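Labels for the chains are A, B, C and D, by order of writing; each one numbers its residues from 1.
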Amino acid sequence: MKIDFVKKENVLSIKIDGEIDHHSAAEIRTKIDAYITGSNTKYIVLDFKKVGFMDSSGIGMVMGRYRNIKRVGGELCIVSVNNSIKRILDMAGVTGIIPVYKNQEEFLGVIK
Amino acid sequence: MKIDFVKKENVLSIKIDGEIDHHSAAEIRTKIDAYITGSNTKYIVLDFKKVGFMDSSGIGMVMGRYRNIKRVGGELCIVSVNNSIKRILDMAGVTGIIPVYKNQEEFLGVIK
Amino acid sequence: MKYDNHIKVEFTSKSANESLARVIASAFVSQLDPTLEELADIRTAVSEAVTNAIIHGYDGGKGKVIMECTLQDHTVEIKIVDKGNGIEDLNLAMQPLYTSKPELERSGMGFTVMQSFMDFLEVKSELHKGTTIIMRKCIKNAD
Amino acid sequence: MKYDNHIKVEFTSKSANESLARVIASAFVSQLDPTLEELADIRTAVSEAVTNAIIHGYDGGKGKVIMECTLQDHTVEIKIVDKGNGIEDLNLAMQPLYTSKPELERSGMGFTVMQSFMDFLEVKSELHKGTTIIMRKCIKNAD
């Protein structure tokens, strides 16, 4: 599991590369929270392009980051999810709360 | 596991794609022997380019095909083996008996 | 083709083994030539059940998780067993979004995922004795 | 890093499970971040021992093969057990190129491969009771 952070002004893109389960979710959570603390992040983009697998542990991880950034007046969105992960997000009602964009470009078009 | 046969005159190239173990060796043996029976094959080239794994079951399979073709006055060689498979062939003394070429081209240069 | 096979796996209750359990179930089921979607469904359901055994059954502590996979004709049955805490109120536990561990960012969607990704789900549990999950899925491709 | 883990797998004696056993051992050992060569060595040794259990232990017939993998610090131990025929003359069996089944195109190199690909090999066998193979390999990368 690998995480890449790319920050441009107050937009933080987080590219997760690997499988998201309970084991890796703990690591992902810790890394993201540590990166954001004390930064001026306003928008978080969770990029799922390289996530081949996610179970329901991913839902908690996503919703947890969403709640944290909302609390400080920010926004979070998800981009590039595959069908099987989309199904899990739909099932839990996540996609009714958190916006999902096709890719980074679509999201950047929206916030401009 | 997949086997491709390419025959040009009396030279038969056999490209094995997959892992060679006791399970697949049985299938490989049957397919090769069926193809050769009644054909005018003189040279057999076993192409290991797409063999990612082989255990000692492969030794028996190779030596068996070698013995059969020798019996009718033919030749057999091996091309494109990776290091870990080469080690197993060396260990069993196969490479002292059967010629190993870097690739198809090298072999064709030799028989010309 | 009639195809029978069986594997029983017993492993240490630690979160690194969640992916191991998925790999094993997936390699086992692959013998039936499932579609990518069927395979993803099974991997996900196994992941949910094994994770629950580790974090709810054993509270993240020591224990053994058992996974049994059986192929019979076109159906795979997967049984996941822990000898841990057990579940007091099964009806409550199986409700979508219910979780007893919100502090661990659990979503309460594990059972719902198992139910909707597999064709059959049975949960047996006894308090302080442990929990057994039985799931089945028919592999349509298999012939 | 100190890292302990254990898995015990019991599976039907059929040749399709040779690759399953390799996948499992390989996924288990991967936790220690082995080199590709170390991984290939272990996969090969496991394949030899499991194949022997299936074709020599059970003569290709029905039976159960057990594989146990244990990680302790930097070393992986793999135990492969069958309750089949057993080996009458262990010294003879372990000689390079000796095989009791030349008609199956066996090469008699299984034990030699296990020995040279692993750091440690122990074979225990009793006629009509079965055979147990214990192999160990130190994963140098692991830290």
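The rule is short, and it goes like this: a contact is a pair of C-beta atoms (placed from the backbone, for glycine too) under 8 Å apart; a residue touches a chain by one contact, two chains touch by 3 or more.
Treat the numbers as computed from the prediction; the structure is a model and nothing was measured.
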item: Farthest chain relative to chain C (centres taken as mean CA coordinates); value: B
item: Averaged-CA centre spacing for the pair chain C and chain A, given as whole angstrom; value: 26
item: Chain B and chain C, separation of their C-alpha mean positions in angstrom; value: 43
item: Chain A and chain B, separation of their C-alpha mean positions in angstrom; value: 50
item: Sequence positions of chain D contacting 2 or more other chains; value: 16, 19
item: Touch-based graph of the chains, sorted into line, ring, star, complete or other; value: line
item: Chain pairs in mutual contact under the definition given at the outset; value: A-C, B-D, C-D
item: List of chain A residues in touch with chain C within their complex; value: 19, 21-23, 25-26, 29, 53, 55-57, 59-61, 63-64, 84, 88, 91-92
item: Chain B-facing residues of chain D, complex; value: 15-16, 18-19, 22, 37, 40-41, 43-44, 47-48, 51, 54-55, 96-97, 104-107, 109-110, 112-113, 116
item: Residues of chain D touching chain C in the complex; value: 4-12, 14, 16-17, 19-20, 23-24, 27-28, 31
